[in-house]
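A, B and C are the chain letters, set down in written order, and residue numbers restart from 1 in every chain.
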Amino acid sequence: MARRTSATRWLATTIAAWVVGFVIFFPILWMVITSFKTELEAFSTPPSLLFFHWTTENYAAVQERSDYLKHVVNSIVIAGGSTVIAMLIAIPAAWSMAFAPSARTRDVLLWILSTKMMPSVGVLVPIYLIYRDTALLDTRVGLVLILCLGNLPIVVWMLFTYFKEIPKDILEAARMDGATIGRELVYVLTPMAVPGIASTLLLNVILAWNEAFWTLNLSTLEAAPLTVFIASYSSPEGLFWAKLSAASTLAIVPILILGWFSQRQLVRGLTFGAVK
Amino acid sequence: MGSITLEGVCKAFGSHIVIPSADLEIDDGSFVVFVGPSGCGKTTLLRMIAGLEDVSGGRILIDGANVVDVPPAKRGLSMVFQSYALYPHMSVRGNIAFGLKMAGLPRAEIERKVAAAAATLNLTPYLDRKPRELSGGQRQRVSIGRAIVREPKAFLFDEPLSNLDAALRVQMRQEVTRLQRQLATTAIYVTHDQVEAMTMADRIVVLNAGSIEQYGSPLELYERPANLFVAGFIGSPRMNLIGEEVAERYGAATIGVRPEHVRVDRDGEGWPGTVRAAEHLGSDTFFYVDAPGIGSVTARYIGELGIRAGDNVRLQLDAAHIHRFDQEGKALR
Amino acid sequence: MATRQTRMLGRVMLAPAVILLFVWMIVPLAMTIYFSTLNYNLLNPGMENFAGLENYYYFLTDPSFLASLENTLVLVGSVLAITIVLGILIALLLDQAVIGINIVRLMVIAPFFVMPTVSALVWKNLLMHPVSGLFAWLMSAVGLRPIDWFAEAPLTAIVLIVSWQWLPFATLILLTALQSLDAEQREAAEMDGARALSSFIYITLPHLARPIAVVILIETIFLLTVFAEIFVTTGGGPGLQTTNIAFLIYSQALIHFDVGTASAGGLVAVVIANVVAFFLVRIVGRNLEA
């Protein structure tokens, strides 16, 4: 906006925007604050916002739980592993559709999109049974596999839209310069597509980290990531709010930071390029 | 070492035939320009020679060998793209060296050749810059540097100067010609600008809707156009094409007279007409005259005549320079 | 630019993704169809017998199905309405000049990146708990009786949680779309004498029509299968009040171990999702041409 808005209008919108932002963010803020309270304090009324005895005992308690570290590692392995594998499969596929399209390419793309539309719950039964019979239940491999398949459509689509933005004559120049397709991919395409690849990686790690259907149904103890770990706080004995808050804060803070950097990718990825 | 021959080359996209059949022989070391209106197939033909498009039929011979099934990387040709197509993540040095790196040359030799190419094109101070830090003209030169450093059998140019401003275009035109002569390498140059074609080419290929209308030296095309299309395409302002009774008098369906061969006088013999518009360029004057019986005629006068729009004039056609065309538009000799 | 050679290579490079997705779709789907025709209970393995379309009949006529269908529609509809209306308003607000807009954006976007189990438990316990929750305290502070959300208005509670999670998505999409609205169009409207409201109705809203449609379709796809929030808060209850189709199928499968019925239900869910997907694919397909 090249014109100056009036000072009062600008002040009013600023205040309004901050109020809205604060209200929306409040539950998260409240959770973080609660994580620094004692359990008694967390449960008492009237709730105190700032003036209470701040403590880090909850964080210590959470990390002392023998399984906490295991669940963190699980989350990292499952989210990271499923995304990396999906990328390895999707990069060639997206290259093919962006740079060597055939008459069927558009249909294939739309079909890939439609596979994301299938409700997970529709195949819960067979997947559960297959996993049970192949001893994949409660294994990291099993979860990596299913999350990889679940996110593959989004990964392919995002990479496709990023690749399409690379001018094709630069790739043709590489071909004229004597590069085989493999070398064209390695020396020219990938360096140019690094931002797009990074964005895709980022968004899908976040989506996999937060996935809460397959992780809840296909894992219990060994392979359970943080989504399940937090769910275990839902049927506790005794006071647990402060610890829940601490555990939750630990679980979501890394993702909030990553999420901040992936807003644009979110728009592109989850709307399959329909909104840019 | 860089002779290129097209035998019956045709190209169809599905059922839509873009190039019915092209036959062409390009001598080693010559500068050949493909020229024609938009959509005439000149770029398609170039890309087929390069290997970036499939050939639907026919053969393309480079030094006698059919390369139709050979991938572009192995044809030994270099291409200069309209958009320059520089690798944005590599420096100028990296861009120029890339082809040599793909060919597996030893490092020392690559550096030597890159330095030589950069020197030829006055790019030495920019070797470590990235493309985004260069001006249009500099990028163009890097693109050319990348092409010459591989010492290819032929250069392929796809409208390389269209993105430059007018003054730069004139300068680059001369540089490209000079370079090509110095390197004595075959060059195929695609453009829609006939001034570029006329000034740079040894021979010109005029294309129209996928067909080669004429293949000859610039002066041949200008003085002896083979048909109506070439006659009307080459030369600016356009040749005057007159039909009906006047043409019949000369024994043709259509006659053509170039503006410089139309004499304009205030009075005297000749066709009467009224000046619709006059363009005074100082060095030349162009008169656009409406003459009943002939139609609209453009006449060129060197110097200033003092005639303005609205004046009545008399036109005379120089009999020695009248081109005659038959019903099908072919030239009558 | 696709020549014969690149196209052949392209097919090879595309194959793994296509084959994997195809298998992932077909195999479980085929099994679901197969199981849905059986009387198969995991508690009595080996006792399966063919039941034809019986399972579908039982599933569709079971009152729990109708209840869950209603809950699903209420859930999806309410969340859509809340997120889109608020989303448009907040997007309009954030499109203005605001100091510290980046921090405000961070605050507005954050809920989307919180994992569903955390959201649900934080809302259930810290905010909505009838005794010690923040809402209870706020309401009694103004003299109202605190609501026991999960007993008195459980579906509303779920709707609130899910809306909170998806509001950032709608807002972000609509804000992105707003910011792509050519400033010149707005200025032209102003020159033509349009005041703020007419400008909004005649210029902004039509421009937003497509993104709103995309948001509706994508949210619907994901909202049809809301699961985690219900799982960790109400377990579908009290009774069936917060059971949606997804949770119903889950409970059939992994609580009652009735594979046959769960499969039939799963297929019903797939059909419903396909209807929505059809429209989304059309919009995205049209965008592909562009």
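The rule is simple: contacts are C-beta pairs under 8 Å (C-beta built on N, C-alpha and C of every residue); 3 or more make two chains touch, one makes a residue touch a chain.
Because the structure is a prediction, the values reported are computed rather than measured.
Across the assembly, the mean Cα position most removed from that of chain B is the one of C.
The interface carrying the most C-beta pairs in contact is the one between chains A-C.
The mean-CA centres of chain A and chain B are about 54 angstrom from one another, to the nearest whole unit. If you average the CA atoms of chain A and of chain C, the two centres end up 16 Å from each other. Here the CA centre of chain B is 59 Å from the CA centre of chain C. Counting partners per residue, chain A has 172 as the residues that reach two or more other chains.
Contacts with at least two other chains are made by residues 51-52, 71 of chain B.
Taken residue by residue, chain C touches two or more other chains at 1, whereas all remaining positions touch fewer.
Contact residues of chain A toward chain B in the complex are 167, 169-170, 172-180, 183, 187-188, 191-192.
Taken in their complex, chain B has these residues touching chain A: 50-52, 71-74, 77-79, 81-83, 85-89, 98-99, 102-103, 146, 150.
Chain contact summary for the complex, chain C toward chain A: residues 1-2, 6-7, 9-11, 13-14, 16-18, 20-21, 24-25, 27-29, 31-32, 35, 90, 93-94, 96-101, 103-127, 131-132, 134, 136-137, 141, 164, 167-169, 172-173, 176-177, 180, 183, 210-211, 214-215, 218, 221, 224-225, 227-228, 231-233, 245-246, 249-250, 253-254, 259, 262-263, 266-267, 269-270, 273-274, 276-277, 280-281, 283-285, 287-288. Considering their complex, residues 51-54, 71 of chain B touch chain C. Note for the complex: chain C touches chain B at residues 1, 3-5.
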